[in-house]
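What follows is a single structure, written as structure tokens, with notes after it.
A, B and C label the chains in the order they appear, each numbered from 1.
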Amino acid sequence: MQTRRLSRREVLVGGTAVALTAAAPGRATAQAKELVANTYGGGWEAGHRAAIAQPLEKRGIKVTLVAMLAAELVARTKAAAGGRPPVDVALVDDGPFLLAIKEGVFQQLPMDRIPNAKRVYAKYRAKEPFGVPIGASQIGIAYNARTLKTRPESWADLWKPEYKGHIGLSTPASTLGTVTLLSFARLKGGNEGNVEPGFDAVKSLLPSVSSIQAVPANLRTLLERGEISIAPMWHHDTTIVKMKGTGVEFVLPKEGGIAGLAWLAITKGANTDLALEYLNQGLEPDSQKLMAGAPSYIGPVIEGVEVAPELRGIVPATPADLERLKTLDWPKINEQRAEWIARWNREIKV
Amino acid sequence: MGQRVPERAGRLGGRVGHAVFWVAIWTLALAGLLYLLLPTLIIVLASFTAGEYITFPPRGLSLRWFARLMALEEVRTSAWRSLIVATAATAVAVVLGVAAAFPLVRSRFAGREALNAFLMSPLILPSLVYGLAGLMFVSAIGVPLSVPVLVLSHVAIIVPYVIRTTAASLALLDPHLEEAARSLGANAWKTFLRVILPNLLPGIATGAAFAFISSFDNLTVSLFLAGPRVETLPIRLFAMINFDLDPAAAAISAVLVLITFAVVLLAHWAVGLTRVVRL
Amino acid sequence: MDRPVESRDQSLSTSAARARQAVWSRQLRLWQLVLPATLFLLVYFVVPLGMLFYFSVRAPGVQGMTLLNFQKLLTDSFFLETLGLSVRLSLEVTAVALVLGFPLAYLYTRLGPAWRLTILFVTLLPLLTSAVVRSFAWIVILGKQGLINAALIGAGVVDTPVKLLFTLDGVRIALAQVQLPFMLLPLINAMERIDPSLEQAAVSLGASQSRAFFKVTVPLSAPGVVAGAILSFALTISAFITPAMVGGGSFTVIPTLIYQSAIVTLDWSTAATTALILLVVALAVVWGGMSLARRFRYGPESA
């Protein structure tokens, strides 16, 4: 009898507990106007929150931003295939964007329901309507002008003895690292199809390298705290560090920096109507202007957005700025990227 | 012991050796103590910095980063979610664990030791392995990740705490008390409510407190089983620190340490820390 | 209510039988109390582990069970290197934790209640604090402007800051502190059970304090040492958060591989196989340690 009573009680209490959790605000309901989007953390998150999430919230749409890099995002979305995708709106770089389209992760977009898409520079528009560009970035060399007297002008300058022990690198797990590897490859006569010279170059640079990080944000932290003084870096990360008064400068190497676009796409099974509003809001002139300034410093993708004078040259304001830069053959890179990552893990040790 | 006892020469050397021995012991012990204490202390103190990023010692003192926490929507949401998950998981764990403690202490049956070991096993299994296994299980049965899923996975890893402290308390309970109550006419249920439970409460409370804080703090299992839509506070904190060494993260950390501090105080008040150690 | 009246009357024949019946039915009822927890763990704990096993013996493109995944991993040089690194790191960290923990546990048994409380408090607080918070603290301490470098430069040991953050050395330092409470608690437990008069007896027989310590206390505390070492090793080798945060991706340990293959590359066969190998290694150490402890239980080797 004692047991039976307790069993009932257990069921009651246990059931209440589970019911409580079901009623918790954490559970996303399909009916409520809620949206989940990923960003790259740090400046990206702050920029997207101010420029997109907050205006949407004023219109009654609750936006949750999660920090997740593109590769993990695509993987998790694929894993959830059929069910609820982990995010409604995906933020991805060029490479993962093309990969995700190929793998059928994103929805085809009804461009007519994104009025602001017309404002996007023609050069930036996607070939197939699976996403809209949201920001333009470039990769160059960040260096601390206070600790290092010589300004690097080319990728080859990284081998200068003055920089020994001050260099930071990123692994091919990130876009930054992949671009770095390819830039080195191109420097030594290779390309997307022949990355061998790139690996050789990295190995020869290793004695000068102080730290290798898988997450670009860690490189930024190290640069900010003076643990490294020179590294290939995104312009926006560099600007964040520069604006803290650390003396860090951004340089486009003479071989050309690398241009990159960040894309917004909608996952399959997402709350499409709300997601379209997110995309559209992201392309609003006011939003683009907000994101081009502090603390995100992301290059605008629509016409008519002014970039502050002190940021010109670092923040790519128009396609003309990016024209001078190289672009990469991402489909070819995507095929080999996993192999490059594995090979880097095996062969490169600092 | 079969040693030749050193005589006169030993005496003088003995005194010096004695001093050296104790100096060594004390030095290592104090080093250990500081080593244990300092990191927690440092991060709490650093959170009061008035500067833009974290240094120790902090540049100026201010509550600005704590104020900023309030403004960060994502932090508030994930904190609330962690609270719900931890409370629900603890509630279920208490129900399961308290019930399980009784037969483990009071009954003699074949396989009791084995059952005990089995129920304690989540404590030694790496939570990383469990998180992965849980994710595979949940996706194999086609259940999408959600708060209830996370709650249930947390229950599995925190229920041993409740069982252990309740069993320890129960083992110390004088069976004569129950006999006395029974002989005075109380039935089993009343005995449980009026005699057993009040005496068990400190043990249960301590177990529940440990269970709660383990769930609230948990990152590894949550990383696998929470998913982007169910962000808990440790996940948010992890992302904040990985992407940006924000002093706001230090403020969150300080708050977490404060909660932990309260849990340890509760454990001491309930059963005494010296008893906790013997668990 | 759960028993018909007749059988109850029958069993009332003798008071002894009645008492036996009461004990039996009590046993039965009590037994049922443990069922919910057991069932819960069976479903939410054992079955998931079964899934792990399932994924590890299935490979894409191969029918039925196969050991292909194990073969692939165990012949991969990078995997073996990572496994070696994980094992070495765990052993080093456990050793440091032991060296710092043993004197502290020893003093615990010899000091008064105020000291004991302090030690316990200082041990339990980090133990219960989130691993994220603790790793964050180490990120702050290990930086070039952090406390350790400030102390080293101030003491004149080095001229320029030592690179500790986002390195293996830094992770070693952080992990040893994370594991110290887990080493300390079993040690204190074991030390408390040693009769202090044993050591005193040795001293009164003419042994020096340190000799008494090493010949009496240390061997007798062996079970605690083994328990603490096992726990420390198992927890360190499966630690994910601290190497991820304090190591910053500059090196790989087994847990990192598991996370990457599970979440980033979605290679669940590899993830499951790696996790199982990790479990086997950890369990092997636990089993080895426990056999060692059993030998010690029958008295120390030396006279």
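What to note about this one:
FYI, a residue touches a chain if its C-beta (ideal position, glycine included) is under 8 Å from a C-beta of that chain, and two chains touch if they have at least 3 such contacts.
Given the structure is predicted, the values throughout are model-derived calculations rather than measurements.
Sorting all chain pairs by how many C-beta pairs they have in contact places B-C at the top. Taking the mean of C-alpha positions as each chain's centre, the chain lying farthest from the centre of chain C is A. Chain centres here are Cα means. That of chain B falls 14 Å from that of chain C.
Taking each chain's centre as the mean of its C-alpha atoms, chain A lies 36 Å from chain B.
Across the assembly, chain C contributes 30, 33, 36, 145, 263 as residues in contact with two or more other chains.
Annotation for chain A: residues 1-2, 6, 10, 76, 79, 215, 218 touch two or more other chains. Shared interface positions of chain B, defined as residues touching 2 or more other chains, are 95-96, 99, 242, 245. Interface residues of chain A facing chain B in the complex, by the touch rule stated above, are 1-2, 5-6, 9-10, 13-14, 16-18, 20-22, 24-28, 36, 38, 40-43, 45, 64-68, 76, 79-80, 83-84, 86-87, 215, 217-218, 221, 224, 244. Chain contact summary for the complex, chain A toward chain C: residues 1-4, 6-7, 10, 71-72, 75-76, 78-79, 171, 173, 210-215, 218, 222, 225-227, 338, 342, 345-346, 349-350. Within the complex formed with chain A, the chain B residues making contact are 52-53, 74, 77, 80-81, 84-85, 87-88, 91-92, 95-96, 99, 139, 142, 144, 146-148, 151, 188-189, 192, 227-231, 239-240, 242-245.
Considering their complex, residues 1-2, 29-30, 32-33, 36, 77-78, 143-145, 163, 165-167, 248-252, 263-266 of chain C touch chain A. By the touch criterion stated above, chain C contacts chain B in their complex at residues 27, 30-31, 33-34, 36-38, 40-41, 44-45, 47-49, 51-52, 54-55, 99-104, 106-107, 116-126, 128-141, 145-147, 176-177, 180-181, 184-185, 188-189, 192, 202, 205-211, 213, 215, 231, 234-235, 237-238, 240-241, 244-245, 255, 258-259, 262-263, 268, 271-272, 275, 278-279, 282, 286, 303.
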